[in-house]
Amino acid sequence: MSRIKKVIKRMKVKNELARQIMGEVLGTFVLLLFGCAAAAQVKTSRETKGQFLSVNMAFSIGVMCAMYLCRAVSGAHLNPAVSLSFCVLGDLAWIKLLPYSLAQILGAYLASGLVYFIYHDAIMEFSGGVLTVFGPNETASIFVTYPTDVVSVQTSFLDQVVGTAMLMLCILPLNDKRNAPAPEALLPPIVGTVVLGISMSMSANCGAAINPARDLGPRLFIFTAGWGTEVFTCYDYFFWIPLVAPMVGGVLGSIIYLVFIQWHLPEPEDESDEDSFVMVYRWHQNYFYILYISVYISEFVFFTEEERRVRANDREYN
Amino acid sequence: MSRIKKVIKRMKVKNELARQIMGEVLGTFVLLLFGCAAAAQVKTSRETKGQFLSVNMAFSIGVMCAMYLCRAVSGAHLNPAVSLSFCVLGDLAWIKLLPYSLAQILGAYLASGLVYFIYHDAIMEFSGGVLTVFGPNETASIFVTYPTDVVSVQTSFLDQVVGTAMLMLCILPLNDKRNAPAPEALLPPIVGTVVLGISMSMSANCGAAINPARDLGPRLFIFTAGWGTEVFTCYDYFFWIPLVAPMVGGVLGSIIYLVFIQWHLPEPEDESDEDSFVMVYRWHQNYFYILYISVYISEFVFFTEEERRVRANDREYN
Amino acid sequence: MSRIKKVIKRMKVKNELARQIMGEVLGTFVLLLFGCAAAAQVKTSRETKGQFLSVNMAFSIGVMCAMYLCRAVSGAHLNPAVSLSFCVLGDLAWIKLLPYSLAQILGAYLASGLVYFIYHDAIMEFSGGVLTVFGPNETASIFVTYPTDVVSVQTSFLDQVVGTAMLMLCILPLNDKRNAPAPEALLPPIVGTVVLGISMSMSANCGAAINPARDLGPRLFIFTAGWGTEVFTCYDYFFWIPLVAPMVGGVLGSIIYLVFIQWHLPEPEDESDEDSFVMVYRWHQNYFYILYISVYISEFVFFTEEERRVRANDREYN
Amino acid sequence: MSRIKKVIKRMKVKNELARQIMGEVLGTFVLLLFGCAAAAQVKTSRETKGQFLSVNMAFSIGVMCAMYLCRAVSGAHLNPAVSLSFCVLGDLAWIKLLPYSLAQILGAYLASGLVYFIYHDAIMEFSGGVLTVFGPNETASIFVTYPTDVVSVQTSFLDQVVGTAMLMLCILPLNDKRNAPAPEALLPPIVGTVVLGISMSMSANCGAAINPARDLGPRLFIFTAGWGTEVFTCYDYFFWIPLVAPMVGGVLGSIIYLVFIQWHLPEPEDESDEDSFVMVYRWHQNYFYILYISVYISEFVFFTEEERRVRANDREYN
């Protein structure tokens, strides 16, 4: 008896980060399995076994399930943009940002793989055996997000920034003791509902990834599974937008929440004052760094190369 | 360290009303961003990425998110009709009614602007570049509510009165300690569900604005954004109905709740008696004022100009 | 000041039954207003502003709102079949059954009237001005339930019995302290969800009234509003089925819950034993009465007149 | 009075297993009544009174209702795969697995029968009086699950394994005190939502039974009700897959939860250590048994008969 006990104890992962990575991998795996499987169901059944709304709802339920699964282990970020926001807010050590993000991408990759195996027969029948990114029989959109034809790169970027900012703006108060928070044990379904709202209102332009891992993981998978290099090159190298824009948006939404709401709430009794101070301090440290990146990115996005050159000249002369 | 602390403290908005206005602006912004973006998604995707129900659900989720966001700051009225009702009930000082309403309209205006930017490309493609209020390519209905062709002005007015009365009648018991209230931390999703119910059952006639800010804010925006004066003149100057009728309906619903339910509930132990008395007292004060406005408005709505003149004559002679 | 207080006190309805009737009238009014208005919205918009599911959801949300509204006043039965079941279970005095039922019918009648006024223009446009029960332009189904053409009277009756039995079987455990109950403050949305389930699965045959008041109130209204006597005579006097069958079904469902679940649950500590005993005692009292009615009704339904005569003869001879 | 009391006491079922069986029969009956009735409603109304999503939602609400009904009596497994998983986890005695499973199948059988009676007229009208498994007028799919034409047996098996594994992986944390669990009184709607998610994302291939009783009970019923032997032989004897695969999947999902999440959570204060130990110990006991079955089954599924013979030869020679 005591031997079994020892065996179990030995199997317990002692390193906290390792446990957290395991949690994030499994959580993101569950999230993407629900979401991509629903997309596959709707696509391959030609909307007879579900519709656009089903996919939105499945992602929402996936968020709920993933949060209940790994919330106690890793905080259930499930999204590098959320992890970055929590770094900025001082709730996650910066050193953990990369491991978290990689774990999330890995979970998404594995889930896409499993969805591909489950729906292999149906995808082959739907696509006529040719895995493509374009055309009426394309199947890449089961896994990854794409913009519509009419959307410019600036609008796509803005769309993803706003979507992710809304995500952070709407989930931060849910757990803020100084605000009027939701019941802690019911956070998962409520966060899921927020995600449902975003995907019902901001997915027309480019699919509401609002999550670099949700897009990059499956994209890497379909790249390796035979969809070809087009998955990266198509729509003018669109793939970088769901990678970068959510990071900017998440931080932006967090800052909006801090500046317009959190700072003005009544301070809690004793320890929270310290907390609040630490949070602000850490946030302050990162301030210039974030500002610099934001300016740099926005310059890259909203100006053509020529305009940038002109502006650089202007700065030199002034 | 103590310098940073001081900086933060200095940035804290000390004036309560200013904080509340900030809260209402941001809350209504979130509500309208979800709602109008969903309407834009459904419209510009020609119902391939959502349907009528999506818009209803997005407004409902918007209510939930907005309430969690600013409930602790400003009470999350998000609606001048709700603010007016709380003034009548004695929960909001009359002096704050105008600032609250303007803040809500501002939030709605800003949200419409952002939706316009996000969906700019899609709106241009859908409308062929011509922003109009009428016709198959009209895009004004993304932002504001319009009546159907067959609905008379009286019916529209009644429709909005009933919708807003239902809103107040259904949300007042949720937070009434003398009744059997909902869990306080779950009020936002439940109020969101009430709004979903109203928009699924009373939006056929004229779009279930039930909120002057939800209609006026976006209307002002599309007026400034190039839809022209038609946004106000169309449908026989319909725009005044979602401004006035919800105010009447909100107060009416509150009074129905007071008279038929609240007064007859068992009085709570000690302090609530005083509260109840104060509430009734304040309500009493406003009684004649409200009555007068109601009569005046109903006269304006339900009689033609000639009939009014006749009635005025009658009164003089009697 | 003390005068106002006195006025208020005088306006408080002292009679408990009068308060309860007021609560049931208002509660059923809210329930039917949501439900019938949604039906009107879907019908008159020719399914462009909602679909079959919308009506189901609106009734479900109506149940939620009505329960929060009048639960503390009258128990929020909203349904004579529920009131009868609670009489049988000993939770409502038999003397109150008729007043409760009439109040519920009145609330339903008033709600139908208001829906008619709100959707008057739309109904006139849809029906071409002729209010009928049959044909592609019929509008009676906005208000009342009808069977499909293929359903026999026996099946209709069984359908309503099963639907209402499911209702009682599924809501009784929600509030049973001996079972694993739902949170009391969240009963309304959960009961609403149960109703949604029933109307999604058992409304194909004859519309899932499962509530005599929900059907009779509106039926009386459309009779008085100009749809003519056909509202009662159509489909071979179908109207009696949603009146009688739910009463049988409600009691049946309650008995099933008692016999198969409740009796075998662990008895609670002290007082509940007495409660349980009283409940059983009262139930025992009503036993023969219910049995007699059930047998009588089933005889009426499942046998033709001739068979009944034969059976009566058989009984005489034996 | 004391006589009645005695009668009641005598009617109380004293044997715990008998009570549990009663609970599982009634619970599974409720689950299947909602689900199959919704399927019948959608099918026989030719999708005018519901759609694919309605059936998913009805099953989800059925789970909720069934759990509230019998959770305190039998734990509300409602699914032999769940019962098996709880045996493996040490929460249910192995001796009870068969009685539980048979009770669940019986409940499902009875519910199918009642659905058949309620929808008898509609089914006859839809099918033209011929109860068949194939063709446009087939009605077997109201009751049981079938694969699509393009899905291979391996994919079907994998699909059911993954679906049931997701079920266990997502519901185990909901009630795990060491994790961040959901409120106990709200488990039923949350588990229902998980089931909704699975049926929206993994039902395209073969209908997401993820429950041997949900499939076998109705299948036995329609076999006896006149659909003929085809209900078992069709689609190359598909019926065994929803029987066996969920058992494998349920256990697999439980093990994944244990190994990747549960073992690494902080141990609770005092007694839970013992609990955890016992759980692991019991799990250890079953380890080789499960492993053996899994290997055996996977061999049967993933290899042709010839390959198995070759592998057996190989083993003999080595």
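As written, the chains take the letters A, B, C and D, and residue 1 is the first residue of each chain.
As a convention for this text, a residue touches a chain if its C-beta (ideal position, glycine included) is under 8 Å from a C-beta of that chain, and two chains touch if they have at least 3 such contacts.
Not measured: the values here are computed from a predicted model.
Listing every chain that touches chain C and chain D alike gives an empty result.
Distance between Cα centroids is largest for the pairing of chain A with C.
Annotation, chain B versus chain C: rotation angle of 90 degrees from the Cα superposition, expressed as a multiple of 5. Residues touching across the chain A-chain D interface largely differ between the two copies, under half of the numbers being common to both. Chain A and chain D have Cα centroids separated by 33 Å. Distance from the chain B centre to the chain D centre is 46 Å, each centre being the mean of its Cα atoms. For chain C, residues that reach two or more other chains under the stated contact definition are 53, 183, 186.
Contacts between chains close into a ring here, every chain touching precisely two others.
Residues 52-53, 148, 150-152, 155, 158-159, 162, 166, 169-170, 173-174, 178-183, 186, 190, 193-194, 196-198, 200-205, 256-257, 259-261, 263-265, 277, 280-281, 284 of chain A touch chain B in their complex. Those residues of chain A that touch chain D in the shared complex are 1, 4-5, 8, 11-13, 19, 22-23, 26, 30, 33-35, 37-38, 40-41, 44-45, 48-51, 53-54, 57-58, 61-62, 64-65, 68-73, 114, 117-122, 124-125, 183-186, 188-189.
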